[in-house]
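As written, the chains take the letters A, B, C and D, and residue 1 is the first residue of each chain.
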Amino acid sequence: MKKVVNDVNQIVDEMIDGLTSAHSHYLKRLPNTTVITRKDVPVQGKVGIVSGGGSGHEPAHAGYVGKGMLDAAVVGEVFTSPTPDQVIEAIKAVDSGAGVLLIIKNYTGDVMNFEMAKEMAEMEGIQVDQVIVNDDVAVEDSTFTTGRRGIAGTVFVHKIAGAMAESGASLAEVKEVAEKTIANVRSMGVALSSCAVPAAGKPSFHLGDTEMEIGIGIHGEPGIKRVPLQEADQIASALLNNILLDKDYTHSDIAVMVNGLGATPEMELYIVSRKVTQLLKEKQMNIHRTWVGEYMTSLEMAGFSITLLKLDDQLKDLLDRDCKTLSFCN
Amino acid sequence: MIILTVEKTKKWMNEIQKRMEENKEQLTALDQAIGDGDHGINMERGFREVLAKISDTHYESVADVLKSVAMTLTAKVGGASGPLYGTAFLKMSMAMHGKEVDEIVFKAAIREAVEGIKMRGKAGMGEKTLYDVWNQVANFLEEEPVEDWNALLEVCQATIEDTREMAASKGRASYLKDRSKGHVDPGSMSSYYIFEALMTVLETGE
Amino acid sequence: MKKVVNDVNQIVDEMIDGLTSAHSHYLKRLPNTTVITRKDVPVQGKVGIVSGGGSGHEPAHAGYVGKGMLDAAVVGEVFTSPTPDQVIEAIKAVDSGAGVLLIIKNYTGDVMNFEMAKEMAEMEGIQVDQVIVNDDVAVEDSTFTTGRRGIAGTVFVHKIAGAMAESGASLAEVKEVAEKTIANVRSMGVALSSCAVPAAGKPSFHLGDTEMEIGIGIHGEPGIKRVPLQEADQIASALLNNILLDKDYTHSDIAVMVNGLGATPEMELYIVSRKVTQLLKEKQMNIHRTWVGEYMTSLEMAGFSITLLKLDDQLKDLLDRDCKTLSFCN
Amino acid sequence: MIILTVEKTKKWMNEIQKRMEENKEQLTALDQAIGDGDHGINMERGFREVLAKISDTHYESVADVLKSVAMTLTAKVGGASGPLYGTAFLKMSMAMHGKEVDEIVFKAAIREAVEGIKMRGKAGMGEKTLYDVWNQVANFLEEEPVEDWNALLEVCQATIEDTREMAASKGRASYLKDRSKGHVDPGSMSSYYIFEALMTVLETGE
């Protein structure tokens, strides 16, 4: 897998530079960090929202920094959680005194690094709280595992928590609505081809010419099973069935996301989204809105994920509010 | 008898760094099998940064060196292994604080490191993580004198082999459940290199 | 190259269905056509803007349909110009009496099909005019060729003509500003891997493991030369130099686009954009704004293109105006 | 002598469709070399739609069939070849309007088709397009009787071969300039199948 890179050890640094210099009118990099923030942080009186994770999932998370969503994104090495010192810088930069919410995807590394940062920031007198997104139904949620992974559903958590914070809510209120979103969001993905971590120089795994991996993780972690490639409609219903087995969305208002993992053309995502829309209507769900595109990628992996979020009036309102970020705008 | 000095500790890090560099691809390949394929990259980066940090710095004590190591690993590795190794070295440093490192202090420090890993990662024995190796090393040291390095490395190796047949229940590999069986845990392997490096340093004496 | 599809002959139809059902709040499909329009067409008193082309370039062109950009996108088969009858449907749907501007990319097929439609619509008494975008400096613009191809620079033409039309300008005025944009926009691309037309079932061309194709066309048409893969910074300066050889942008205000062709991760696009920003600053150009992302793709091709647009006050103003489409919003 | 009837014209389309289906991959491969790799797909789709359209429709005249063919190709092929073949068949239809198709009418219709292609595509001889084949066919027919099908196909083949060494200056292949040399023009090849199909129909007589 060929890459457009210079020094593989400088990828993250150069990416952040590229991103903040391209969009310097409303993003900035905290000097000597891997933290990208809104230009106007700290926003007085507003709860700060910080998310982040390993890089390689672009536009997550920097693409969601802006009015109505995140205040800062902390960027780690490719597929590697950022370190506590960086998270602390982000927390300090966005805190206006109203406290800071960390939105963490449920990976051992992310949880440990963000929690260390939280502990240290609290020692410095900043009010910090956290939520952990775990929307991936491909992983069994039992006491024998580290629990479900956080994948594309995280973007809805960013949007809703961000809108709540923007409205002037307290840290406890923002956390509460983020938790509500997490409780109502479920996702599952499929891969048709591998990605390659640039520094590793070779594909993370191998899939045969007629194989796909159901339940793939966004770092190329193997999924539930490897099966022969099927038609788009079949794959879409298989993923959807897994989600609906896990949570009942019948008669609900829902938000839908069909998320491309990297190399799958938008054309194919819409073929999937067509089937998803059909199936959800058949199953008597009321689609409030649908997002189709690349929201949480895995480098150049081919494949996609489907996310459903059950909405009540509050979530609907927050989801629909204006926001202004690079990759999500209402 | 003092077994670790500032000089030796620096040399230890040197030896670790060499091993992480040499085995970067192996560790990454192990992580590709049951994780996300970056463990070698993470470890090589971490110890490269450790060397850059400590080489030209003057330290008063072993505890100071290890504190620097811990801070650097925590700040440069990320992922799961960063906080875990960072915590391990930090706990060692704390246990050695204000002391010269003789056998007793050393053994106590290793036990503290193990407890730190457990506190941070919440893993117990048999969950197919680097905790397995550290815990077995600590257990071994409680029974045996520090000189028996070959026996200690054999314990490490046996533990690594044990991880092969385990189903992971912590870390990324846990997503695989039974499919994680048949593969050695990458973090256990990198822990092995840490102890192997230590052995080289301690064996050669002053 | 594995695809998430059902029947390869139904791809375009299913994609359009997926797209218009996902975004039914502001897009619609004209029944029994491959035309996607704003829901509120014809917009009274406004010049209608129609673009389109073969599919496989998503989000072009449906992603640019909406307030302040296109009124309709006409979708052809993969990499194949849409047919005149479809273009006519689009023209009729968007014409409110103020006339319609066709924005055509310079490919023999597109030009012939759109021109046939224009002739027929004029016979039905609709005022239609057209502009042909030809921004690709990889192709020599001589009387011995069909001239330069239209590639990613087309998106700027959509934006600017769209903003002009939205402001209530006449067809002649909208055409004039579109022509001005075309005169000031230049692009060039590079491919690291091929794409595969779904119905063909195999890659359109082959690139070796360490090769890249400089000057690639967005349908996989071969470029200027095939050379060994270089570092990101080298590729970026090679493309930029070709553009700057063709047109002098020194001391100008410019808009920049780094456009991903499909499989290249956003991470890599930002590494490129970083270098582009550096180089342009060194060369004393004043970057007004930069866009980085997938705007005009070639299915799952790996690679990217760089576009520069020279701005005067009018173009700057029109580029900055509000718009509301799926893939471009200010 | 009447050489084309409604029946024969339908059969002609049938024969074309068979060839486009059989040679879809070959035409696509030719277009992958110097174009965008869809010519076979376009032609197969176009003539499949033509058959679907004309098979069960009753027509009064050859001109009517060909008008239907022209409309269908224009509406279903797209790309460069759609308007070009659409125009070719439309011009033929117009030349045959109100007439029975004897040798003279037929020859005049082919010449009209050639002029239509030229008008639409603005290509002249030697630009490596399907115009080359159509023009050579028209030239040949002006000299020779329609019976000499083998000679006519030889002319087509020779012209296709000629396109191999040309540098394209029209259509997508023109972007390649000299690099288009060494490859046969896909549109010329599909035109060959159109004339070969015609030959099969006319040779078998009534």
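Everything that follows uses one rule, which is that a contact is a pair of C-beta atoms (placed from the backbone, for glycine too) under 8 Å apart; a residue touches a chain by one contact, two chains touch by 3 or more.
The model shown is predicted, which means the values in this text are computed figures rather than measured ones.
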Distance between the centres, which are taken as Cα means, of subunit D and subunit C, whole angstrom: 32
Euclidean distance of C-alpha centroids - subunit B vs subunit D, Å: 74
For subunit A paired with subunit C, centre-to-centre distance based on mean C-alpha positions, whole Å: 29
Sites on subunit A at which at least two other chains make contact: 78
Touch-based graph of the chains, sorted into line, ring, star, complete or other: line
Interchain contacts, given as pairs of chains that touch: A-B, A-C, C-D
Interface residues, subunit A side, partner subunit C - complex: 2-6, 11, 14-19, 21-23, 25, 55-56, 58-59, 63, 78, 192-193, 209-210, 212, 229, 231-233, 235, 256, 258, 262-275, 277, 289-294, 297, 299-300, 302-304, 327, 329
Subunit B residues touching subunit A - in the complex, by the definition given at the top: 28, 32, 34-38, 40-42, 45, 74-84, 120-121, 169-172, 174-177, 179
Interfacial residue positions of subunit A with respect to subunit B in the complex: 9, 54, 76-86, 107-109, 112-113, 116, 138-140, 144-146, 149, 197, 199-200, 204-205, 217, 219-222
